[in-house]
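Naming follows writing order (A, B and C), and every chain is counted from residue 1.
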Amino acid sequence: MATPILSVESVEAGYGEVRVLHGVSLHIAAGGITALLGSNGAGKTTLLRAIAGLLPASGGRVAYRGTSLHGVPASARVDQGIVLVPEGRLIFGDFTVEENLLAGAFCARARSRRAETLEEMYARFPMLRQRRRQMGGTLSGGQQQILAIARGLMSRPALLLLDEPSLGLAPMMVAELFAVVRDIRDAGITVLIVEQNVRATLELADDGFVLETGRITLRGSASALLGDDAVRQAYLGL
Amino acid sequence: MTWQLLLSACVSGALYAVIALSLNLIYGTMRLLDVAHGEFVMVGAFAGYFLVTLLGVPPVLALLGAFALNGLAGLVLYQWLFAGIIRRARSTESLESTSLLVFFGLSVILQNGAALAFGGTPRAYERYARIVHVGGVAITGNRLVAMAACVLAVVAVLVFFARSTWGLAIRALIANRDAAAIVGIDTQAAFRLTCVLGFGLAGYAGAVIGLMQPVSPFMGGQYLMIGFVIIVLGGVGKLVGSVVGGVLIALLETVGTQLTGPNYRDILIYGTFIAVLLLRPQGIFGRHAA
Amino acid sequence: MSRRAALAGGAATAAGFAARRARAQAGAPLKIGYGLPRTGYLGVASPVAEQAYLLWGEQVNAAGGLAIAGGGRRHVQFVSYDDQSEPSKTAEIYEKLISDDAVDLLLAPYGTPFHIAIAPVIERNRFPVVAAATLSSLLRDMHMRHMWFPQPLPDAYGVILAAFLAAQGVKSASLLTLQLPASLETRKYLLPQLSSRGISVALDQDYPNSTADMTGMVSAVRQAHADAVICLSYPQDSVLYVGTARELGITTPVQLLLIGPGEPFFVKKFARADLEGILTIGEWTPDQARWPRARAFNDAYVARWKEPPDYLDSTVSYASCEILAQAVAQVGLDHDAITAAMDSMAFDTVKGPIKFRGVENISTQPGLLQFQSGALQIVWPPDIATARFRPKTGWSL
């Protein structure tokens, strides 16, 4: 088997005294969409933040393309190709759409190709081009989500971490969003996605993991998970 | 006479804008409650004074010299002191309170150190002393140079923040530190640059003051007060707000006191300050409570 | 132990103590205490006073020490503290100097509020202090028993200033007054003097210490068209006034600034042509030939501190040391004896002869100084003048 793009081995992490992850291990092969499922408070966001380097792992090991990320700050991980599009989007409300996008291309690797990438984003998301002088904070929720993803793509990532991208979006926007995620995969970017919308996500994803109270309880191909009784009971309400 | 007053207001306003911009960079970007800012201005004023009087540097170049010296000092202080404080802080509130104490200590050290090293008596030099007539308004050359130097600095800083990659990065840090980290902005490097710019500009402003007024180890306090009043008026982290706030305060000080009386200066300035706090606590240009 | 033995033991101890004390006094330096604002808002102003104290101490020690009546000479050692520009701290400092540090003599603090603050302390301890850097007739009128004022005070300056203006044919004056004690008092005593000489007040404007721009005020001065501008200022706003008056072209022939022109930095801040003709208060210059020690003091001060003395604060501070030294040379270190000597003795200082009646100096005539060819000359009153008054002829371009 080829070296996984991301290896998480027995990672422990938390906030202050509260430990959220109790030894999480998972491997993600390059090129697909991997869904991370789990109920509220299971530790999905915590795991993504630990991978992105926003939260230090208190134990275990995160490796990217076989190399440990221990001590590598968040900004350097972006430079290596790992980008998080966080829950709640965290776009810059007082920046124009274009400034938001340019901020995404800060890392050295992406900076030199900034104009070219910006053009690609405008071509892929004409809505952003139309509104490029508009303040980010004035966009609708769905538009902000697109902007947040585009901003992430501006750094030309190899691994995109999406945290609850469909949260709060109208159903039509959700469908469009999932189409965008598929396009991103087709462009060769590995995606790790956390979603409430379990059925749609598993239909989109190649593989999946279930995280329960800080531990991985189930793993498999997306289709296998869709057929799994436990998954169907817990997440699909069947 | 009105034009004379407006021109005077522009001289003070440009200076206040530079001071407020520099303080806003330190406070707005890093949330370091820099109560030693007046002392950094003072250090720059002495640097400018000695460059001009001891080394014979032309005053305009001495401004850049003061910027460089103070900027370097800011960089060293960041590496040795501020980086650790920022890293150890658990919240914005704890960072502000810790840094308040640290900067209070720094202000005492800088003030007493300067008094020991240079003596407490004021020092002054005279350059560009010719009277210049600008359309019927007379102004001393040094004040005109001071205003031009401040306007240039303000424009350069605003263009830097509007156009450059690093300017965008620092603005992103001001707007949202988490989001800035997520898009891959190197917080440490951006903070280093902010310190060079913020403390450097404070030194530049100090050297500008030295062009016009005597310098002394105790000159800083009044500029700290003005600086904080302006950044509250203009909004914490709002760079354009600092510029507009600086001009507004200078107008209150010059034109406002002409319309009311010299004794209304503090009432006008602090009255406006309190009114803004009550009506728009986020500052005139702020969008949300920070 | 019997009563007799106890008494004898006590007497022996007392004798031993007195002997130790005498030995200590013969060899130990004489401790002279003071508190000055080294930090805070007055930190910028006080060095001119402290430098005079330090120079005096060094000169005394170089000459073998301070002569004490009936007891040879003792070296001088200063004990000093920073009052941080807070009068309440000054009171504590002088209390501590007297009780903890057990100083032999005290020098004055800096500034009127600080002199007021130590008044109860020195009165209670009957400790004589020669005042120095204070310009307050109100303070003099507190009728203290242990503080004397060598510097002429605002009421006296009010009298001679009005007399001077009348002699120049001035019919109206514009007054700008900083809201700090020396300025406010001078205005208070000047106004009735002006009115009794028939000089009208065309503009009477006071302004706060925080004033950073005087364009509005000086514009009003220009519009008032008075024959004289009296700016009762402190150093910082003296600088502001000159810059603004230049820009607005105030060509009034009589322009006086209260405090500032006598300070060393002032000369460096302005071109000679702009200083020319500016008036200030004071009656000391190194060129006053009738006070031979004035020049020597000036030169020693310049040699030691690389800057000229302040014509008001440095000279009066140095003179206060001389007065104290001459009293000690005459009567020794006993505080009551020094107090009595202040009333009876005549002193010879760098500011000329000084004699006190009550707490007031009745020898020194208050005067006015004017910049002429880059140096301050006494121009009023005529009997101490070193030069004639010349009307100010405007500013350089």
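In the analysis below, a residue touches a chain if its C-beta (ideal position, glycine included) is under 8 Å from a C-beta of that chain, and two chains touch if they have at least 3 such contacts.
Just so it is clear, the structure is predicted and the values come from calculations on it, not from any experiment.
Taking each chain's centre as the mean of its CA atoms, A is the chain most distant from subunit B. Comparing per-chain C-alpha centres with the mean over every protein C-alpha atom, the closest match is chain B.
Between the CA-based centres of subunit A and subunit B the separation comes to 41 Å, rounded to the whole angstrom. For the pair subunit A and subunit C, the distance between mean C-alpha positions equals 75 Å.
The centroid of the Cα atoms in subunit B and the matching centroid in subunit C are 37 Å apart.
Counting partner chains per residue, subunit B shows two or more touched chains at no residue at all.
The residues of subunit A never reach two or more other chains; the list is empty. Of all residues in subunit B, only 165, 168-169, 171-172, 175-176, 178-188, 287 touch subunit A in the complex they form. Interface of subunit A with subunit B (complex): residues 52, 54, 73-79, 83-86, 90-95, 99, 102-104, 106-107, 110-111, 137, 151-152, 154-155. Subunit C makes touch with subunit B in their complex at residues 38-41, 43-48, 179, 205-208, 210-213, 215-217, 219, 235-236, 239-240, 243, 246-249, 263-266, 268-271, 274, 307, 395-397. The touching residues of subunit B, when paired with subunit C in their complex, are 1, 4-5, 8-9, 12, 108, 111-112, 115, 119-126, 129-131, 138-140, 143, 212-214, 216-219, 221-222, 250, 253-255, 257-258, 261-263, 265-266.
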